[in-house]
Each structure stands twice: as structure tokens, then as C-alpha cells.
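You will see chain A twice below: alongside chain B first, and alongside chain C after that.
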Partner chain A sequence: MPDKIKFTIDGKDCQADPGMTIYEAARASGIYIPVLCHFEGLKPVGSCRICSVRVNGRWMASCTQPVTPGMVIENTSPEVEEHRRAIIEMLFVEGNHFCPACEKSGNCELQALAYRYQIMVPQFPYLFPKKDIEAFPKFLLEHNRCVQCQRCIRAIQTPDGKKIFAMKNRSGRVRINVDRKLAASLSDEEARKAMDICPVGAILKKEVGFRVPIGQRRYDKKPIGSEIEEKR
Partner chain B sequence: MSRKITIEPVTRVEGHGKVTIRLDDDGKVAQARFHVVEFRGFERFVQGRPYWEIPVLVQRLCGICPVSHHLAGAKAMDIIAGVPPEKLTPTAEKIRRLMHYGQMLQSHALHFFHLASPDLLFGFDADPAIRNIIGVAKTHREIAVRGVLLRKFGQEIIKATAGKKIHGTGAIPGGVNKSLTPEERDFFLKSPAPYNIDTMIDWAQEAIQLFKKLHSENRAVLDNFAHFPSSHLSLVRRDGALDFYHGVLRAVNAEGRKVLNDVDYQDYLDYIGEEVRNFSYMKFPYLKKLGKEKGWYRVGPIARLNTCDFIPSPRAQKEFEEYKAYTNGKPNNMTLHSHWARLIEALHAAEVIKELLNDKDITGDQLVKKGKKKQEGVGLIEAPRGTLFHHYRINDDDQVTMANLIVSTTNNNQAYNEAVRLVAEEYISGKPEITEGMLNRVEVAIRAYDPCLSCATHALGQMPLEVEMYDSRGQLVDRKRK
Partner chain C sequence: MNYKKILQKYRKDRTRLIEILKEIQATEGYIPEKGILSVADELGLSRAEVEGVISFYHFLSARPLGKYVIYLNNSITAEMAGREKVARAWEQEAGCSFGQTSADGLFTLLETSCIGMNDQEPAALINRVVFTRLNPEKVSQLAGWMREGRAVEDMVEETGDGANNHQLVRAMVRNNIRKTGPVVFGDYSAGQAIRKALETTPEGIIDEVKKANLLGRGGAGFPTGLKWEFCRKEKGEQRFVICNADEGEPGTFKDRVILTERPEMVFEGMAIAGYAVGARLGILYLRHEYSYLRRYLEHVLQKMREQGWLGQNIAGRGFAFDIEIKMGAGAYVCGEESALIESAEGKRGEPRDRPPFPVQKGYLNLPSTVNNVETLATATQIIVHGANWFRSMGTPVSTGTKLLSVSGDCQKPGIYEVEYGLTIKELLEMVGAEDTLAVQVGGPSGNCISEAGFGRKICFSDLPTGGSIIIFNRSRDLFAVVRNFLDFFIEESCGWCVPCRAGNVLLKKKFEKIASGLGTVQDLKEIEAWGKIIKSTSRCGLGQTSPNPVLTTLSNFREVYESRVSKEADFIPEFDLNRAVAEACAITGRKFQEEQEHA
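Here is the complex of A and B:
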């Protein structure tokens, strides 16, 4: 068995198996690094940058960066946390996120991160972009809430490996595009998977909204990340 | 010199409205109007939203009785989901009913104790500095505490059924998302006094006694103030009983003759028209059968007790019999008797809550059903302030394409204007000096109907009172603000 890699997070000595990313190694040590675009089992893409940490003074995305021996990682320093808070706030102002009537409320990772970071009012002005809602046989795609994390692109495929979701346009105009023909063949189960993998309320499987009562939703009792910190 | 008096905004009501009174050269009232000066546009911006989001989205119209909008929206969505309200599972129907009757109790308690009681306890001319709920708390501590706790009890019922006291998610198309646990049920039934339903029933009944005492001391004012004939409209149960949650639409005229005879509300457009007038954002509904001029009607507690044949709970029925006997069984057209009617309804709500809590279905697990989808649905409910209409159409993609809301307060629009005109004519016409007490009388008349102006224009407002006086050339000559 190869030797463990030794490194520190916020001054705490940690160990990881070779090949582990910083995010995975931290998680194994009971240390929470927030993620939004990353999802267990999917290939990380490092697009949202909420998992940013400082390694030996340089910014790195912990979901894509493998651990190397001797790394000195800053995870909860005020500067790192402020950087993350700014990213979360930017995601809020760049979309139209009205939690009060959103069926993902209580199960939404973006909302849960905002609660964890105690964001009351964003420091940036709201952009109120004009976005639409697209309908497909099994689900609705609510572009007002999409954070372009690409989880759906990576996770949802036809049985023969074709992708149903893809990126369209570039930069500020980027949006998720759906292959209408392939989307029409989606099963209920796959539509449910697409909704569950979406960290926000952008993919809505039809007619399931608000089935889980307040009090029993994912983040009603414990803040996001506590499931990792409890293992410490 | 002719003058225009403006009361803006009207205080101790929910939302933002104003009154203008025009006086002619002799100081006589030439015109008196109640204006609602907010605009919100819910009917437009719900378009495009998925239909199952509607009950949660539209309740944001209001923070006072959001349950009404939540349930009216849900009842319309039941139709769209192919499960008409009569076909819900017993647990779903009873949980929704419990939520609604909890709301009736809290909203009626809020109105009587917090908003209306200062006028009744201290008099219309009392110093505004004490004529408020804080004044009541200082001099009538017991009454104020009961008001607060009755309201809290109703709010706790809402929380147990909808997940939150304000803006919960309990009702979903075709059912509900939770029932009560035995612990939740027992909290309401068995908590030590005063936090149990038996105490609430007693307190609700004692509130009626308080009104009756005030009535016996001041009969002339409470009977004659803004007393005018009108038609009355509400839902009633199929057998004619008072029902806040579901039933058929009934209207009676000022003499008690049925104008709408227990019709299915899915066809409400056949019976109700809406007129727009240039001085208010609030529309003017009317009974088509009687026409725009004569078809206006009242809704709310006074209307409900005029349309129903009986109240299906023993203590409230006994109070109802006494109430009806006062007008020899004829419709009651006295504006300030709406407080009496409201308190009888609060007692009925408390009695029904107890009955529902003792029903085994309330802890059942059959929560939701699905049927053959439709593209249009109407949901009606008796909100605390009166009949509430929600009407939606959806497209093949499950998105809302049309919404029409006729809110309780809107139904009473002509009644406010009528009450304002009568009170202005009686108390302001020809008087050399306009006092704060006179203007408060105008507000008392509006307040009796417990209007919710935010709902009616589908807003939030500040509550200072401003009076402006204009000369006949429209020049501002005086302004007073409190």
C-alpha cells in the first residue's frame, strides 16, 4: 500500500491517499469545503470556484486539485471565506432567485450556502436578467435559477451515452440547452434524477413540487456541510 | 368655499388606501370616495409559472390571511389535477379545513382585539394616542392578552398543518403534504390552560359577551352607524349551513330573498361581473342578474350570517339564533354588527377546530390523489374578510396562462364607498370645523369590514394619517399629519 500523503488544512495535520483531490481529502478528515458544481461520482470541472482554497499562498479549486505532500491549505481564513461569500452573492444577483415560491427551497444548495454564509443582502447590485422557462414533456427548465454548474450535462445521458443537456453560447450569455428529441425519451426516473442532481430549482420534474413538508426538507434541521463536520 | 378632505392612508386596516370627501360651498358633502392606491399585478406575473407552484406563490399576496389564498389556489389546482374538492381524501380535506379554521380564528381575533376594539372600548372621539392596541393593553389588560393568545393559538394550528405560521406549503394540488402527528394533536387538545382549545372556545364566547355588553351600552350608535341595505354573498354548505371552506354560491338581497340560489362556483363568470372605475385600482364586482347599478353586494361575516340558514356547531348556533332574532330573522344590514357576526364566526371556528382535532382522520396517512388533468379551474373559499375567487387556466406544458382573482375586499368595494358616504353625510356635512374624531368615524366604517387592501390590488403600506384640505380652485390650504 502506497504511503499516505501528509499536508495541513488550517494548521491541522491531515493525511490523504495518493490521487485524492483536496476536497476529497478534506472530506475524509471531517473538514467541510463548500461545493456547488461538484457532485459525488461525477468528474469534477471546477467551474463554480466556491471550493476555492489557498495552497501555499495560491488560489486553487479544491474539487480538481490533487493533494501533494507538504501542502499548506487555508480553508477557513477570513480572506478565503469572503472570496466564497462574494461568489455566492454573484450567483444570486446574476439570476432571479425568489426563494419564497421556489419548490426547491429547503433542498436548494445555493440557498443553504447563503444561510451558512449568513448572507442577508448581497453587496452587488441585482442584475434582474430577462430569462425564460422552457417546457419539456417530463420537466421544466427554469433558466432564471440556473447557475450553469453543468451537473446535469455530466450526469444525465441516454442509455447509449448521448448527452441530453449541453452548454450554449459563451461568457455572460451562456445557458443550458436541451436536446428536445432526447429529452422527450427521458423516463420518469431519469427526470427525477435530473431534478435531484440540480443544486438549485432550475430542473423541475413535473408535478412533484412541495410534496415534502417544511421541517422534513434536506436543510431544515441541519446546515449544509454539517454531515461532513459531524464525522470529525 | 368648497373643499376636498383627504384621509390618507386609512389606519388600522391591512394595506394602503385613502378617502376623499368633497364639500360644496355650504360645507355639504358633494362626493365621498374610498380609493385603493396600490397596484401589484399578481394576475400578470403568475403567468408562465408551473401550476403546482400557484398555492405557494399566490399566498404572498398577503401576510395576514395567506392561508385563504393558499387554499383558494390549491382548490383551483385540485380541479386542474383532476381531483375536485369533494374527492380529496378525508385526511386531506380535514387538514385543509383545520388550517383554514385556525386562520379564521387568528384573523378574526386580530381584527376584533387589535384593530377594532380601541374604537369600541374608548369611543370614536378618544385621543388617538390611547385609541390603539397599546392603549387597550394598558387599561384592559385581560382583553388584550386574550386577543394575543387567541391569535397565537390559530397561528400554531396553521404551523402544524402548513409547516409555518405565515406562508407555509401544506396544500398541494390534489391533497396535502402532511397530516398531524398524535403529539401535535394532543398539544392543542391537552396542553394546560390557557393553551388548549377548550379555553379558546370559552374565550371566543366571552368576546361575544363583551360585544353584547358594549352594544347594550351604546345601542343607538352600533345599530345606526352606516346602516344601509345591500345584497349579500357567500359560500354555504349544500344544506345551507355556514361553511368557510367549501360549498355553493348563495346571494340574498336586503330583504333576504335569494338572488343566487346555491349555484356551482365553477360558473362564477355567469353570475359575477367586474367593473373598473377611474378613481381606484380596486375593481367593482356586481351580480350580473341585478346589473351594474343595483348588483353590488357585501361579503364577509355580516354577509355570511345573512346567507346561511344555520351554524353547524352548538354554541355558535345558539349565539346565531340570538343574533338573527335581533333583526327578526331578516338580513342584518348594520355595518357595526359585523363585529358581532365576526365574533360568532370566531367561536364557530374554535368549535370546529376541536371537532377536527378529535377526528381520527386528522392523523391519517392518505394525503394526496391524482385524476385526469384539466386545463381550467376555479377555487373559492370564504376568507376571513369574505368570498375569495381564484380562477386559472394552464397550457399543455402545465404553465399558467391566465389568472383572475376577485379578492374578498374587492367584493366589498361599493360597500366601503356607501359606508364612507353615509358617515360623511351624517357626521361631516355642514359642520363648521372638521375634527379628528369625525374623520375617525369614516375610518371606523371602513374598518368594520376589515379590508385587506394589499390583497385587493393584488401591497404593503405605511400607516400614518394625513389629511389635506383644498379650496374650490384645488389649492392646498391646510395639511395635518399625525
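Here is the complex of A and C:
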């Protein structure tokens, strides 16, 4: 068995197995680093940058950065937290998020992060972009809420490895582009998976809604990240 | 249209996707739905993936374009040289606005980021042909020829200097080499370096390059010898040498001139790198904007093969190395080495996470060294003349010479090969710049220097640059410069990560608030803080440098910002109601009452 890697997070001594990312290593130590684009079991892509930490003075995304011996990691310093809050706010103003009317409210990770960071009004001006809603046989794609986390791209593919969801355009115009023909062949179960893996209310399975009342949903009960912190 | 034939030509190779799409577009003018479906089907991709690649690149289009597509450069030096009038002239001739195709399908007008012609603006690509020094008269002449149906190639009346005049180039582009130096423009005879290299060991080559302290010339300044060593030591069934000829930093055009006048030196450098790292194949990743050089460069490669400097048995010593050219399709971010590799594999040019670094897992996930054009040319000369010769130039840390692409307000814009350590003041004298307000060193991602910094030196420890130097005199509005640069980064962001994609749009909004006179001292604090957040948390070098236009002018020209903001007000809303309704008030002859009376 290879030696454990020793490092610190906010001054606390931690250990991890070689090959772990900073995020995984922190999680194993009962320390929560907020993530949005990352999803366990999928290859990390480092797109949201909410998991940014400062390591020996340098900024890094903890979901993609492997932990190495002697790292001195800042996770909850005021500056790190301010940066994260800014990124969460950027996501709110970059899209059109109206939580009270959203099916994902209470289960939405973006909303949950905003609660955790106690965001009332973003420091940035709203951009009010014009975005569409697209309908597919089994699901709806609500571009107004999409945060371009790429979870759907990574998680939902055809058995022969074709991408059903893919990125289109670049810059602020990037959108998730759905292959209509392939999407039509999705099973109910796969459509459910697509909705569940979406951190926000961008992918919504058709013909079901508000099955669990708002107020009794996952993050209505406990803040995001508490499941990790409870294990400490 | 027989798409299968094109696909067969490229052996249905997924890494050739961009070339396949470009060939379809070259024959059909765009990439129609049928083409997308056929390509997706044959390459085992989804339609969405192929659309993803097309929509990423500026020069690929899934919607029909006009017979003549005018890509008018929008860099700041073009603006300074009268771009606005040229743009209006095109709109008048075409009868449509930028972003549109004329009703008769003859013209499409599009803006494009810097095409590497900053010293001969306003410039445009028409289809793939470069036109420089445009003016409204020239535009109307070109438009007239287009109505007659003349081929774009036949609209070039006068060719430029040097190899621009070569029958395989025939471009109106000018080299404007103002100062030659001993390295890139020094004495050189092809084949000498590779022959000498093959007489020593690969480790010996790496040691010599390390001893010379050659630092990457693209801007980042990573030690070349070290990069080669890492690549060589990495296990892999194959390794690659990639030459980064995607100079997209606005104001940089030195690689264009090197590839025009010194292509053998670059290719030889690639072969030497190949010998050093243990590669058999080199790839020249050439930006789309320089498509006009492709046939000429292929010809040079062929000549080098015939002379035995490339191929199966180089210099008769059993070393096999060859070079192929891969074309970009219009994306600044592809100058970032991992994005370049993605693009060379036929994908969207999105940067990768590191580690693993390209020397570990690069092209096709195999060890690859990505080096700039000038770096490779310089390596060739180091092998010929030795590390000591090289170290005798420049400064102890920044050894050797650097090619500068100088543009903007000066009498002699063009290419200068100078020793590192040159001060900005010396440079300004050399290029004939007077009454200088600011010097942009290293392009928009670099540093905007005020007079107080003219004693600073061009070198890695003070003012590093990939080569871009843009000069602004006191008649220029610094805010116009910053605005142009911010627009550039907003457009060229790949859109992958949040701080770069959304942050830069917000930064620009804040900047416009200040520029329009609605800013406060608090806004200056916020724009600085936002800029720092984008720098710290962005995923790649593009995002990490994108706020520099604001941050460096804010630090070096603070008074310009302070003169625009209100010192007294704590808060001024971004939206100025009086201004918004001013026109309506004037038309109706009614006055807007700011305070509604609530009796």
C-alpha cells in the first residue's frame, strides 16, 4: 500500500491516498469544498471554478488538481470565500433564475449554494440574456437556467459513445446542444437520470412535476455540504 | 456533393475533422446539414458534436455565406488606421450590415479578431486572401470586381516584398523587416544545424539548449531545454513536436514574417527538437489567417525532403522525422498549447486541465512538446553557433534576441530583432514614435505602460512579451483602447469556465459605466476587485490575463479613470434616465420631471 499523502487544509492536518484530487481528499477528511460542475463518478472538467482554493498562494480548482505532499490549502479564508461567492453570483446574473417558479427549487445545487453563502442581492448587474426553452420527446431543456456544467454531456451518451448533449458556440454564446435524433431514443430512465444529474432546473423530465412539495426537498432540510461535514 | 469522397480522402480520421469541414466549406461555401449528418455518420460522432466543432471556429459556418466573405479585422490598430470608414464603405457596397449576407448572395460582411497584419491596417481576409491598407476607394474597386465575378486571387494587383512575391504566395502582405539581428535574421544555411545535431546525442542537444537558457518566445517563457527533457523522459510509444504557429495575440505578426522568410530555420528546429525528444513526426499548427502561406510552406517541406533534411534518413544518419501542416480555423484560444492540441485532434479548441501537461499527455495523449515558431528557429541557430554565442546577447536571464512586432503610432511599424534588455525609451526612438502616451507590451494580455515606465526593459524579469508592441500617442483615447481589448477577450473566450465567460462581460459593463461618466470611487474599487477574481479563478491563460487591459491601465493611468468618476457621489445608478429619455423629450418638446410629485 503506497504511503499516504500529508497536507493541510486551513491549518488542519489531513491525509489522502495518492491520485486523489484536492476535492476528494478534503471530502475524505470531512471537509466540504463547494462544487457545482463536479459530480462523483464523472471525469472532472473544472468549468464552474466554485471549488477554487489557494494552495501555497496559488489558485487552483480542487476538483481537477491532484493533491501532493506538503500542500498548504486555504479553503475557508475570507478571500477564498469571497471569490466563490462572486462566481455563484456571476452564474445568477448570467442566466435567468427565478427560483420560486422552478421545479428544481429545493433540490437545486445553485440555489443551495446561494443559501449557504447567504447571497441576497448579487454584486453584479443582471445581464438578462435572451435564452430559449427546447422541447424533446422525454424532457425539456430550459436554457435560461443552464450553467454549462457539462454534467449531462459527460453522463448521458449512447452505448457506442456518441454524445447526445454537446457544447455549441463559444464565449457567452455557449449553449448545450442536443442531438434530436439521439435524444428521441432516450428511455424514461435515462431522461430521469439526465434530470437528476443536472444541478439546476435546466433539464426537466416531462409529465412529472412537483412530486415532492417545496419545503420538503433535499436542501430545504439541510444545507448543501452538510452531508460531508457530518462525517468529520 | 459527394461527402464520402472527401471523408475517404482523409481516411475517415476523426483528428482530421476540421480539415474535412474546411474542405466541404471550400467547395460549397458553407457546411450544409447534409454534410454535417454525413460527416457525423462516417466518423461515428453525433450531429451535436460536429455542430459543436463548427460553431467553435470563426471561419467555419453552418449557414450559407456569400460568394465573397469579407472578414474585416477589428483590432485597435485597424481602428486607428481608419477602419470605421472602410467598414461603412463595405456596408454601402454590399447593402447590408456586418454580420449579414447581401440579398443577392454576393457579399457576407463579418468582423474578425487580429489577422496578424497590424503594421498594414486596415486589413481584411476576403475568402482566404489577405488585403491590406484598405480605404473606401479600394473597397469600391474590389466590390466592383466582385460584381464582375472576378476570382479573389486575381484582385491582388501588387505583391509584397521578399517571399510574399513567391509564385506560391503572391500576397500583397509586406514583411516590413526594419531591423535584422544575428539570430533569426542572422547568417543561416539550411541543413547545417540538423547535420551538427545528429553528430551529438539527444541529451547533448538538450544540454546545449539548456545552457543557452532559451526561454519560450511565445510569451510564457518556459525553458525550452527543460520542456524537451521532460518530453524525452516521458514514457510513450510515440512522441510529437508541435510548432505553435497560431499567433493570435493582437499586434503580433512576427511568426508570419519568420514563416515567410525563414521557414527552413523553423522546420530544422522542429527536426532538432524531434531528435532531442525522440519524435518522428512534427506538426505545424498554422492559423487559418495565414492560409495563404500553406502551399509555399508545403513546397519548402518538399524541398527539404529532397535535400535530405527531412524524411526517412536525415543527413544520411538514419534519423527519421517528417512534418505535416495542420490548419486552425479561427480561435485565439488555440494559441494556448493544450487548446491547440485539442484543435489539432479535430475537436473544439478548449484548453485541457493540467496536470497532465502536454509533455506527459499531449497530442493523442502521447508526450508532446509544443514550441513557438520563433523558439524553434532560435534553437536552430543555437545548435549552429553554440550556447556561449547565444548567451553573449541579451541579459543574463533573458538571453539572445527577440523579434518584436511593432505597430500603432510610429513612423516605422514592422519587425525588429533586438537583444533582450532594450528599454521602452530606446525602442520608441528606434521606431520613430513621438509624443507617446502609452505602449502596450505583450498585446491585450500584457501590460499597458505609461511614460513613467519607459525606462523599463523588455525581458522576462521586467516586461515579457510574445512580440506584440502597440504604440499610442497622446491624441488617442485610452478608453477606446481598453474597450477594444475587452471586446476581444469577450469574443475569444471559449466559454468553458464561469469567470472568463461571464466575468469579462461584467467587467466590460462596469468599465462602460465608468467610461460614460456614471462611475464613482466605489466603482473603481469594484472593477479592480472583479478583475482580480477573474485572474485568480479562470481556468487557462486567456482568462487569467483577460482583465489586464483594465488592471494595467488602472494601475499605470489611474488619473485617466479618476478624471471620469464622481468624487462626491457614493452611488450613481448605471441607468441614466435623463439620458435615456433625452431624445424623446426633444421630439415631444416636453421636459422630463425627475421628481414626481405625490400630493
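Keep in mind that, in the parts below, the second predicted complex is superposed on the first by the 231 of 232 C-alpha atoms of A that agree within 3 Å, B and C clash if a C-alpha of one lies under 4 Å from a C-alpha of the other, contacts with A are read in each partner's own complex, and residues count from 1 in each chain.
Definition applied: a residue touches a chain if its C-beta (ideal position, glycine included) is under 8 Å from a C-beta of that chain, and two chains touch if they have at least 3 such contacts.
Computed from a predicted structure; not experimentally measured.
Applying the stated contact rule after C-alpha superposition, one finds that A:Ala86 touches chain C and leaves chain B untouched.
In the overlay built on the shared chain, the residue A:Ile197 is in contact with neither chain B nor chain C. By the document's definition of touching, of the two partners only chain C reaches A:Arg49; chain B does not. In the superposition on chain A, A:Pro100 contacts chain B only, with no contact to chain C.
In the superposition on chain A, A:Met20 makes contact with neither chain B nor chain C.
More residues of chain A lie in touch with C than with the remaining chain of the pair chain B and chain C.
In the superposition on chain A, contact is made by A:Gly215 with chain B only, not with chain C. On chain A, the patch touched by chain B and the patch touched by chain C do not overlap at any residue.
Those residues of chain A lying in contact with chain C across their complex are 44-50, 52, 59, 61, 64, 66, 82-83, 86-87, 90-91, 93-94, 123-125, 127, 147-148, 158, 160-174, 177-182. The touching residues of chain B, counted against chain A in their complex, run 48-50, 52-53, 55-57, 60, 81, 162-164, 167-170, 172-173, 177-178, 368, 397-399. For chain C in complex with chain A, the residues that touch the partner chain are 44-49, 51-52, 55-56, 331, 348, 350, 353, 355, 490-499, 501-503, 505-506, 509, 526, 530, 533, 536-539, 574. Remark: chain A residues 100-101, 103, 133, 135, 140, 204, 206-215 touch chain B in the complex.
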